[in-house]
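Some structures are shown below for you to check.
Okay, so subunit A shows up in both of these, paired with subunit B first and subunit C after.
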Partner chain A sequence: MSRLRVLLPFGLLIAFWWAIKSGFDISDKLLVAPPQVWSSFRVLIGHGILAEYVSTSLSMIGIATLVSFAIGVPLGFAVGTNRYAARALEGFLRYLQGISGIAWLPLAILWFGFTHTTTLAIVIYTLIVPIIFNTMTGVRAIPENYILALQSLGASRLRIVTDVYFPGALPSIVVGTRLGMGYGWRALIASEMLVRQGGLGDLIFGARTFGQIDRIMVGMVIIGTLYIVVDRLLVQPVETMTLARWGVLRK
Partner chain B sequence: MSSDKIVVSGFRHFFQSDSGPVQATGEIDVTIREGEVVTLVGPSGCGKTTLLKAIAGFIMPTEGQILCDGKPVRGPGRERGVVFQELAILPWRTVRRNIAHGLEIARVGKAEREQTVERLIGLMGLVGFEDRYPHELSGGMRQRVAVARTWAADPDVILMDEPFAAVDAMTRLTLQEELGRLCATTHKTVFFITHSVEEAVFLGDRVLVMTKRPGTIKATLDVPRHGKGGRDWDSFTGDPEMRAISEQVMHLVHAERV
Partner chain C sequence: MIFSRVAWKLLPAAPAFVILTAWFVYWLVVRPPPSVIPSIADVVRTGAELAFGGRLLGDFIASMGRLLGGVAFGIATGMIMGFVAGVCRPVATFLNPLVVFFNAISGIVWLPLVIGWLGVGNALATFLIWNTVFFIIFQNTVLGIQLVPEVLEQGVRALGGGRWETIRTVTLPGALPYILSGVRSGLGFGWRALIAAELVGATTGLGQLIFSGSEYHRADIIIFGALLIGAIAMLMDRWLLAPIERRTVVRWGLVAASRGR
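Right after this comes the complex of A and B.
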């Protein structure tokens, strides 16, 4: 039942699309029917073209996530454990969130050219800000008594990081990473469209030049599907796991 | 005569605020002897928590000095355990692992650690709750875990900052009796602050009364102990001597109403 409820809007959209296409007799230059998209999908799969573009996009988001996590989490800790730094940086980070990754594209292209480096820089920038921000807020939300109590039990600074700061901030870190990956995925597609060095953004933007509407639509469906698959099957379970166990922290 | 464990002399503390320094306490001199349970009662805001935090080493006194075993206190240390009012046991550790935490930090061997934890789980009435997480426990149970964690780490001195203030009145009576027994059987040096006169007299070998802010020690009263073991509320309330001391403390505290 619930699966049906989830799929219903998709079914309705396809039905609506098909109805408009045939009802108003719209030209294939503007819109194609679902079966054409399906056969285009099969062609792209068959020639291994889709796999090529998908693997580029997925490895880009994967690398960007790992790099952002590796840099963003320690940075968030450093800032979060220092009251003055946290206060100074909070406004700045909010400001940066206002300048989307895409707004950095012109500069990034001038600096790094039409390369993967440009795309990576844009995606890492987009991903890292929510990770730093959420790590910082997570660390700051930890009650001071947890730290004082551990100090009175004779804990070293390192011990307090591993036993209090890390588990205390983990739910927040996971939330930040999940948010960041969502934003990062969108920035990735946008950057690929301009940089044109492979990836799903390149696929759909390239298809436009030849008026391959079927190919554009296949790309869009894949972009949405991959987002859901990664978010629901990979990231959300981790989030549920940490929140369910330590949920008390996030009242 | 037992030796002096904690000596606070010429202590005065000021906090920095936007409008300049604010005096948190007046001049305080306190000596806590080894194996003694000293309770401190005073009106809210009198600076009793400030004094406890300074002994714990969480804050450095503006004036005066604090000695523990003759050595100046320079920061928190495992020889001075602290039980807070609330929010101090870790929500991501089970009851057992919270209690074992101090022993893990001190690298006590597994067998000895488990033995100590089991003993405290028994003493604090936590049997059956060993593998629960704090959010699955009542407030009273959580405070039992906090007390057990501090005792398990085996500090020389235990500092308690209104540990039962956030617990419901019925549970509080039980916890006070349990703590009394624990103190009597382990002979720990305990410094316990509270705003409850009855609690102070019930638990203390000696009761200190503080004036209102900026607080100083106004009076010290000895509470005689008859027989071994902790007190229980039934005989405590029926004892005229205890009632007299409570009334005396009550008068002293009453005069300090803010």
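Right after this comes the complex of A and C.
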């Protein structure tokens, strides 16, 4: 039943798409029929081309997430636990959120050329701002009484960090990471389109140069599917888990 | 005491001050080529030239026009579709998988395909913004309508209100705060999508301004443009959207105003 619920809308959509394609006799340069997309998919799979593009993109977003997490979380803690630092940086971070990573892409190209470094720099920038921001808000939302209580019981600074700050801020950190990965994935695709050094963005933008609509559509389906798989199967369960386990502190 | 109060007031300016100082010192000591890191004076001069030369105003108007068009279209279609899906559950169930999927590829991912349909220009940028904004508005509208307590709707109906009257007096005002939160974040996302779309999909606009900066190795133009893009985003959010949200969400909302995003 639930499988039908998912398949039926897509089935109808594909039928609609096919009907438009053959009904209006649209040129292959604008839209291709579903079977052409399928055969293009099989060609790309068969030669291992798709695997290469996918692994480039996935490793990029993976590296960027790890780096942003490793830098952003400690920085967010430092900012969040110090009210002077928080006041100094809050407005600045908000301002940076308004400049999307892609707006720095031209500058990154001047600095690092058309390389993976450029793409990584853009994706890390996009990811790290929401992580810092959410870590900071998470830390600041912790009731001060919890910290005072532990202090009065003689807990060390480290103990307070591991027992109060970290679990207290964790749900917010996870939310920030998930948001950041969503923004980062889109920035990655956009950056790959312009940098043209592999990855799914390169696949679809490169296919455009040769008018291979079938490849573009395969790429789009893969981009969407990968995002859903990573977000729903990997990140969302972590979020639900942390929220259920430690989320109480946010209220 | 007075000193510390002044310091507290000035604190938000500290990051800008630190960055400008570091930039200035780096530039004095290392003397990098201006195509990599320009001097602060260069950036200011370029900004003034662009602003008074008229190019900037043209790009600004082009970008704003696309943003307004795409966002308005996104709000209109998102609200209508979201309203239908919110009131009629089977429609929501049917659309949900499609919305999840197309939301995952919303915006810039469409560029290579749609550039063949619409060509480079306003239509393409507007489409990409619409595509980004639509899903945010749609999801917020559906959520808002579904979260209106059924008791309130039944109350109006029990007092003799028709279906349309119930929708007009209860469902829509109840959903409004969610819809407006959607409008606020939709505009933010639309702005990002616009800049990305203009990098390749337009010949004018602020995105094109900074992209042309990289073609001519003019880091000063890029830095000025990026800072301006951030400033516009911040001003739009602060002066336009935050007040609207305060007036409505805080007044009618069942939840406290969301913290800015």
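Rule of thumb we're sticking to: the second predicted complex is superposed on the first by the 240 of 251 C-alpha atoms of A that agree within 3 Å, B and C clash if a C-alpha of one lies under 4 Å from a C-alpha of the other, contacts with A are read in each partner's own complex, and residues count from 1 in each chain.
As a working rule, a contact is a pair of C-beta atoms (placed from the backbone, for glycine too) under 8 Å apart; a residue touches a chain by one contact, two chains touch by 3 or more.
As the structure is a prediction and not an experimental result, all values here were calculated from the model.
Enquirer: So, does A:G224 touch the first partner subunit B, the second partner subunit C, both, or neither?
Expert: second
Enquirer: A:F10 in the overlay: touching subunit B, subunit C, both, or neither? Say first, second, both or neither.
Expert: A:F10: touches subunit C, not subunit B.
Enquirer: Is A:H47 touching the first partner subunit B, the second partner subunit C, both, or neither of them?
Expert: So A:H47 meets neither subunit B nor subunit C here.
Enquirer: Among the partners subunit B and subunit C, which is in contact with a greater number of residues of subunit A?
Expert: Tallying touched residues of subunit A, the top partner is C.
Enquirer: Just to be sure I read the superposition right, which of the two partners does A:R196 touch: subunit B = first, subunit C = second, or both, or neither?
Expert: Neither: A:R196 stays clear of subunit B and subunit C.
Enquirer: Of all residues in subunit A, which touch subunit B in the complex?
Expert: Residue list for subunit A touching subunit B: 143, 145-146, 148-155, 159, 163-164, 167-168, 245-249.
Enquirer: What residues of subunit B sit close enough to touch subunit A in their complex?
Expert: Interface residues on the subunit B side: 56-58, 75-78, 80-82, 84, 86-92, 101-102, 105-106, 133-135, 146, 149-150, 153, 155.
Enquirer: Applying the document's contact rule, which stretches of subunit C touch subunit A when the two form their complex?
Expert: So the residues of subunit C touching subunit A come out as 8, 11-12, 14-16, 35-36, 93-95, 97-98, 100-102, 104-105, 107-113, 115-117, 188, 191-192, 195-196, 199-200, 207, 210-211, 213-214, 217, 219, 222-223, 225-227, 229-234, 237, 259-261.
Enquirer: In their shared complex, at which residues does subunit A touch subunit C?
Expert: Of all residues in subunit A, those touching subunit C are 5-6, 8-10, 13, 29-30, 84, 87-92, 94-100, 102-107, 109-111, 137, 186, 189-190, 193-194, 204-205, 207-208, 211, 213, 216-217, 219-220, 223-225, 227-228, 231.
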